[in-house]
Structure formats: C-alpha cells, structure tokens
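Quick one: structure below, then a few questions.
Which chain is which? They are A, B, C and D, in the order written, and residues in each are numbered from 1.
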Amino acid sequence: MSFLQIEPVRILLYLVGICAFVGANAAYLVLAERKGAGRIQRRPGPNEAGFGGILQPVADGIKLLAKQVMVPPGTDALLFRAAPLMVMAPPLMCLAMIPFSDSIVARHLNVGLLFVFSFGSINVMALMLGGWASRNKFAIISSARVVSQNVAYEIPMLLVVITLLMVTGTMDLNEIIHQQGGGIWHWNLFKVWVNPLMPVTFVIFFICMLAETNRAPFDMAEAESELVAGAFTEYGGMGFGVFFMAEYANIVVGCSLATVLFLGGWQSPIGVLSGGLWGAGWFLLKLYGLIFTVIWIRWTFPRTQFYSLLNLSWKILIPISLFTLLLTGAMMKLPVVYHQFF
Amino acid sequence: MNPTLEQLTEHFKGLTAAAAVPADGPAESVSPTPVLVVVQAVDFALKGFHLDVAVGPAQVVAAAEVADRAGFGIDSITGVDWLAQNEMEVVYDFFHPTSPLRVVVRARVPRGSPELPTIGGVFPGANWHERETHDFFGIRFTGNPNLKPFLLPEDATFHPLLKDYKP
Amino acid sequence: MIAHKDLVPLGRVGDSPQETFVLNLGPQHPAAHGVLRVLLTMDGEWIQRAEPIIGYIHRMHEKMGENRTWAKFLPNTSRIDYLSAMHYTHAFVGAVERAAKIEVPLRAEYARVITSELNRISSHMVWWGALLLDLGGFTPILYAFDDREKILDLLEALCGARLTYCYYRFGGLYNDVDDAFLKGTRDFVAHLRPRLKMYRDLVTDNIILRKRLTGIGPISADLCRRYGATGPVIRGAGVAYDVRRAEPYSVYPKLDFKIPTYSEADSMARYLVRMDEMEESLHIIEQALDQIPTGPFLGKVPRVLKLPVGDTCYAVEAARGRFMVRIVSDGKEIPYRVKLRTPSFSNLSLYEEASKGMILPDALAMMGSLDLVIPDIDR
Amino acid sequence: MSLLTALRDTYSGFKSLLTGLRITAREASKPSITVQYPHETLKMPERFRGHVKLVLDPVTGKSRCTSCNLCVRACPSDCITVEGIKREGEKKKSVSEYTLDFTTCSLCGSCVEACPSDAIEYSKDYNVVSLHREDFSRMDLVKKLEAEAKVWAEKNPEAAAAAAAASAAAMAAAAAAPAKPAVAPAPASAATPTPTSTPAAAANPVAPVRSPEPKTT
C-alpha cells in the first residue's frame, strides 16, 4: 500500500491505466459505432473477424500498422508527423482529471475543470496544423473550418460551464460530483429550482460537445462528401489511425465531462450504492449511454451547413446560454437581495 | 406566351425575308447557301415533332432567336454526316416547356468546310451541345469559346461519327 | 415563371481574384458520383467558377448504334443511364416503332408503363440515398436500398436482370408479365406508401435537411429553358413540363396523374418534386394494374427490320428528365444515325452558371439535387 | 414577433430531430435485412439471366443445338462461336463447339430469343469465379453440358438408358439405310460405342472437329 502512496508511482500507474483505457475505448468504440450503424441500418455490421466481429479492431489496427506512413513531398514534414501526436495528447491529459469513482482519479486537482478545458482546446490546434502541413487544398479548407467551428463552440460551452460553476461554486470535479449526491433529483441536470433552464443548458453543452469533437452532424472537418477526408486527407496508415482514435478519445472526454457536470458522475441515481466500484460502474454506465447517443445521432442526421453551424452557435446557443447565465445569477442573488431589504 | 403552330410557321417563314446575317460572329466565313427557309408542318405521331424548318447555315442564329422569342428551350444539337451528298446536316431540336410543341431546325453545311455560327448567345445551353457536335463531326461553330475535345480524350483529333472515320 | 435574376444565390461572388485557387473536384471524389470532374475556381470556400469536365466514361454509344442492326442496339440502351434503363429502352423502342409503324398490343403498353414507373421509383430512391450521402446522412440510403431491392427483385423475376433490363422489344415485350409480378407489384405499392411517410418523417421534415436545401442553388424556369434542363429540375422551377403530358406516349393519356411542381426553384423544390413523383408513380402503377388487359404481349414485327428513309424522334420522361432518341434511317437494316439526347447532360450544363457564388457544400448539395448519372452524361 | 417565430422554428426543428431519432431507434429494433452472402445465398428467379448455356434435352441427354448460327448473328457483341459437325445417322448438324466470350457478353439474351430449337437457355449460375481469364474469354458451353449430362445420367439411369437405346436404334437404322434420316439426334454411349469413338476425343472435348465422345458412364 505504501508503494502506491508514492506520488510519482501513483501518477505513472494511473497514466498507464488511462492510456490503456483510452486505447481500448478508441478501438472498441469504432467497433461499437460500426455495429450501432449496422443495427440502425438493419444489417449486422462487421461480424467476420472473431466471434461476431469482436476482433475487428485488432484486424483494423494490424492493417493500419502494416501500412507505410507516407509523408507526401512538399509537406511540412515535422508538423505533419507531429500533428497525430498532438491530437492524441490532450484527451489523455484530460482524462487524468476525470474521477471515475470517489477514489479512482489519476490526479486530483482543485482546478480540474479549468485543466480539462485548457487541454481540450489544444485539440483544434493539432487538427489545424495537420491540415496545414498536409499541403492539400481540401485539408486547408478543413483546417480553416475546424478553427472557426471550435472557436464558435468554445464560447457557448464555456458560458454554460460558467453557469454551472455559479451553481457549484467549485472547479474541483470530484467536489462537483459530491454535490450531486443523494439521488437523481440532485443531479445538476435536474436542478430546476436553481435555474429552470438547466436541461436546456445540458442540451447546449451536449451540442457544443458534439461540435467540439467534430462529430456528425457537425463533422465539418472531415465531411467526406465535400472535403474527401478533410484534414486527414493526406494521412495514411497509423497517422490516420491516431487521428481516428483521437476522435473517439475526445468523445470519451466530452461525454465524461457531461456526465461529471450534469449527470452526477459516479453518483448513483437512487442515492445509495455510490461507493467504490459501484461508483465506477455508474459512471461508465452514464458515460456509455451518452456515447451511444452520440453514435445514434451520427447515424440519423445529415451534416449541417457550415454557416448554419456558425449561425447556430452565434445566433441561438450563445444568446440562450447568456440568458441562462443571467437567469442563474438572478435566481441565486434574488434571495440575498430579498433578505437584505425585507 | 404559348405560340400556335401557325404563328410559328409564320415566324420561321419570316426568316427568308430577314437578313441572313447572324447577330454577331464572322458572317463572312459562312458560305452563302440558299437563304430560302423551308418550313414544313409534320405529323407528330409519325415523326415525333411538329415543325421541320430547314434553314441556311447563316440563318441558324436568327432561327434560334425566333425559337427563343416563342419560349422554346434548347433540346439538343447534333449532326448527321451525309457522305453521299458530301454534306453535313446540323439538327437543332427545340422543346417548349409550356405547350406541346416540338421544332426541328436543320442546316446543311458542305462537308469540306463544315462551319456555322454558334447559337450560344441565344441559348447558353447550346454551348455544350455544340462542343459535342464538334467532337463527333468536326463541325466548327464559329463564336463558340470552348471548342476543345469534350467527351473525347483531351488530345483527340479525330471525329468518330464521320461516316468515313476509321478507328 | 421565376426569372433567374430574382433568385439571389445565398452567398457572394468573391471580389479578390488574386486570392483564388483552383480545386479539382473529381474525377475521384466522394461527391462526384462516379467520374465527374469539376474544376472549381475558389475564393476560400466560395466558388467563383465551376467548370464540369466530362467524358471520363464516354463509350460512344451513338457510333455503336451505327454499326449494328436496330435490334442489336437494344442492350446498349439499358446502359446509358443504368438507373432508368426501362425508360431509355422505351424511347429507342418507341422511335423504331414510330418509324416502322409497328403496332404495340395494349397489354404490352400497360406493362411498359408499370415497369417504367417502378424503374422511376427505384431511380429516385437511389437519388434520394445518394443525395443524403452527399449531405452526410448515411442511413437513408440503406433504407432506400431496402425498398429498392423489392423493386429489383420484382423486375428480376420478370425479365431476369436487376439493372440493365433490356425488357422491351420492338412491338412489345421480351416476355409476358405474369400474375406473380402483378400481384407482387400490388403488394409493393401497399408496402411503399407507409415507407414513403417514414422517409418524410426521417428526412424531408428534418430541420437540418431543410436548412441545407431550402434556398440553395436556385435554378429558375428561364435558366432551365435556355439550358434545356428538364425533368424534376424544370418542375422544381414551377413549370409543369413532363414529356408524359407534353408529348404523350404509350398509354399515359389514359392514366390520371398529377405533375408535381414547386415554384421555389431551389434544391428543396427539386427534392420535393422527386418525393412527390414517387407517390404519383405509385398512383399510376395502381391504375395500370387495374386496367391492364389480357392479350398478346408482342405485336407483329417483320423478321428483318428495315426502317423507311427519314428521321424520327421519340421522347420519354426518364427519371432525370426528357430523354429523346432521334434515329435517322437510310432504308437499310442498320441505323444511319442514332442520337441520344440525355437529360443529365443538359441538366449539368447549367451548373457553371447556377453555381456561381455558392459555397462548396451548397454547390455539392445542388449537384446532388440535379440527380446526375455520369454514364448518362458521357454516353 | 420575430423572436416568437424564431422560438417556434427552433422548437419545431428540435422536434423534427427527435422524430428522426425515434425512427432510427424503431428501425434499429427490427430484424436485420441482409443476406450473409457466403454463408447463405439467394435462389435465383425462374427468368434470371445468367450466362447462356446449352440445354440438356431430357429425352436424348444431348444438346438440341443444330449449330444454325442464328444466335451468333443475333449477338450484339459478337461473343459466340459455334462449330457444328454432321454426324452419321443425323438429319441436322449437331454442335461440337459452343464458345462464349463472357468478357464481352452483355447478358442481353438476344441469342436465347433467336434460337429456333430452344437449345440455349440462361444458367442460374450468378457467382462465376475463376482465376483464369480463359475461363471467361473462352467459356466452353459444350464442356459444361457434358458435365451436366454426366450428372443427369447418374440421376436418371432409365432415361439415359432409353436415350442410349434410341440412339443405338437410330445408329442401326442409319447404318442400314443411310439415306433415311433418323429423328432423334444420336448420342454416343459407352454401351454402344461407335466405330469412330476414340479415347483421345473423350480426353480433349474442346477439339473442334472430332467424333462423338462417350457421354454416359
């Protein structure tokens, strides 16, 4: 036990665990996505590799690894090679902050939320650099789109989070979860007495999360029917594979954050059985529920237009989130004002 | 808006009287073939069109303008290589979007110098059809800005629909 | 009629020519539906000029027509537009019948209408799915293919092929429509109606699709006329031009059907026209099934077919618009000239003018709404 | 007012999204519609147009083809080659080589329609696979028919025996009176070997000119 209490060992162990978690998730979420798409489209999905397709990610991985990593002539070779690494690092760092249960957290930080957001924003940088370094017109268009899309959606997302911070009063993710203990009605999602628009806030957060992770219907960066493969057009082999894995890792981060902030994290919806591994179970249940919704949405809707995507952000989401911010502030301060005067 | 067959016949017959000079484009390069315009109403059930108009190559633009004024749309342009007569026929098909009328305008050009003015100024859609006809028959449409190989390979110098074409 | 100048494209034309770049969209591009190449001069994502470059799968069907007998050209007609093979065969067969004055039995005519309309529905289903693929929706195409499969199964059981049917013959059909087919078609009509409602709920009413298509890619009636665009393109511009009405052929005059038109002239209008056409086709099929008489399915055709000298046209309303065959005969067994006027060719020719000043995804959405089949353009 | 409209639009838009999600969820709960191809296959319909094949006459156990070349003339892509030989005791010629160039065949069925003696039909064979181009560019239909005849003879011994007997009778009649035509085409059989039958011909059935080879086992 004492060995585990040595801080560097602890961090190392957790980081290894998180790498494994992210890797396994990225691999098997691809399979889940393909299986889910198959289910929605009434076909079995990949079912030949292994029992019912269970080895498909392994086969995909071997295929990608076996391919040569090509650096096309004329590209900025350093950036071209660095971009896949840069795109994978932020989700790994972010997940170190996410408490999977009361005790399972890689690094406990009292400004965890800030940390997650600051690293989450680097993701766009990697995509942009990858697209820029590719020296491909489709990739450059995609880079430009990624930047403007992420800038546009960072704002309502942060406004929503500020609203939430006003309610919680802390940036400590575990503390936020602790506040939501004691049953489903204590989750931030349902705290309508604090702010009647709390479910709307969650929807905004979810939409922004979809846009930030470049998921359909906001997959402007990839947009295969327009930009071939967007920023990844020139990437092949594991270069592309890492981008692909990072997309799923980002979804895991985004959905974990949504779980932590709105769905009570590892708290049980019935108020009991939240401790230890039970908590981790609840957390994963909520996490994969959200991820399933993300997959479901992707296979249902067409892609939005780029400008209506920006319109949605600037003209609908930002005003509404500003309004909820104002409303929450008013709701919180009104009693104080009331007591001061009466 | 919708013209009757009689009105159309009149309009096309009027072409004979009108000057046989196209609105723009080098009229000099067009050989002065007979200016007489033969307008013939045909049985639709037998032929698939209502009006058969034979014009000289120089009157093609004027004929297209008549069709345009009557509200016709460009259907297609094609050629027929009449090897025996040593002539090439350019066939302009027009359809009418609002009335059941079909007009065919034909112009014959000598096989040695197949050249006639473009009607792209009247019907922009004619541009592609003319390019295609140029591809297949080598008929030059003076004034068409883009007479390079279209359906054929970009280095094609042959015209496969000529009757004496040997692959 | 809406004039083109009234319809302002949603966007602007780039004003800094030195900042443009050339983007080669195709011939291998996911949105090119085959081997269409569009040379785009772009200002950022704004299209300044879009020049379609075609001919990558040009097969010179017209020359093939000139060196084989009339009957031997029949298989070719299925391969010009592989998605509406029935209509194309119909036009060629019709032209020869018109020239040779071949009488077609009524049963064959009704069977032609039924199979043609089934083919129209299946073609529109492919378009629907492909358009949604262009717009980034992956699921609808599989739903559409599920239903289309039923049509293909019906037609396969009828004439043995799933795509290149080559079902019509001069003077009638290749083989008789059997009761199983008629019953199967009736069942299919009953099956498709609720499915079309599902399509509407899933896609047509979807806000994202509406946003992506409404007001995008205006193509006015006048533009259609000047470029010869027909079919759903001109009907989406508010002109009720349908060859089935304008130049009645087969037994269409005996059948009651509406020509769906929308006056908005945008991509959504073209979309809605096609969706309505599927329902109209079902309506036509139902009537034809009720009216189809018994009798022979093949008329009297001379063993050696020689057509009288002269030229004959025959136009049909194919799934993409007006398809016309012009045959020129010099009295021999072999055609002197076969001209194939294909709708996609004319529909694409207006792309350069219509796409000016549009943003790239919108231009692709508009291209999807034109329903291009590249072999149909290249012939 | 416009704010109200905007709110209503947002609401109806959101509702349409939920409708879409509901539909895909409903479809997801339905059974799968695909056929797992290599494991399960579909039955081809009666009129399916596969590549053409020679019809095995259920009476004689041989082809009905008289090598009249009508199919060759009807073919738009010139992909059929037919060779026929006139055998002893037969009125008409019988096919000795029927080669289909499947690489250029467009499966139009003109040959089947043109055939006056119903000697060719469409096969139901839709997954024709080979590692050799020659299997398609020179698809030997006579060889395929022979393989089929072998199976047929094993399955219907009585019919095969009857056909053999009929052919023997015809052969005998032909030998007795060469001018008198035999009605049925004469298949050779192992039971009644014809004088011209050689093992070499049986081993190389593609040879264009050869004597009739043993067919029944």
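Please note the rule applied: a contact is a pair of C-beta atoms (placed from the backbone, for glycine too) under 8 Å apart; a residue touches a chain by one contact, two chains touch by 3 or more.
Quick caveat, the model's predicted, so the values are computed rather than measured.
Chain pair with the larger contact count among A-D and B-C is B-C, by C-beta pairs in contact. Greatest centre-to-centre distance from chain B is found for A, with centres as Cα means.
The distance from the centre of chain A to the centre of chain D, each centre being the mean of the chain's C-alpha atoms, comes to 58 Å. Chain centres here are Cα averages; for chain B and chain C they lie 25 Å apart.
Computed from the mean C-alpha positions, the centre of chain B lies at a distance of 49 Å from the centre of chain D. Chain A and chain B, compared by their mean Cα positions, are separated by 63 Å. Shared interface positions of chain A, defined as residues touching 2 or more other chains, are 40-43, 299-301. Contact with two or more other chains is made by residues 139, 143, 146, 202-203, 206, 208 of chain C.
By the document's touch criterion, interfaces exist between A-C, A-D, B-C, C-D.
By the touch criterion given at the top, residues 37, 40-43, 137-138, 141, 144, 216-217, 219, 223-226, 228, 298-308 of chain A touch chain C in their complex. Per the touch definition, chain C reaches chain B in the complex via residues 54-55, 58, 60, 62-63, 66, 95, 98, 101, 221, 224-230, 234, 239-241, 245-247, 310-315, 322, 324, 326, 328, 336-337, 339, 341, 345-346, 349-350, 353, 378-379.
Looking at the complex, you find that chain B touches chain C at residues 44-49, 68, 71-76, 78, 80-81, 91, 93, 95-100, 102, 104, 123-125, 127-128, 132, 136, 149-153, 160-161. By the touch criterion stated above, chain D contacts chain C in their complex at residues 12-14, 16-17, 19-20, 23-24, 27, 33, 45-49, 74-76, 106-110, 113, 122.
Touching chain D in their complex are the following residues of chain C: 68, 71-76, 79, 139, 143, 146, 153, 156-161, 164, 166, 174-175, 198, 201-203, 205-208.
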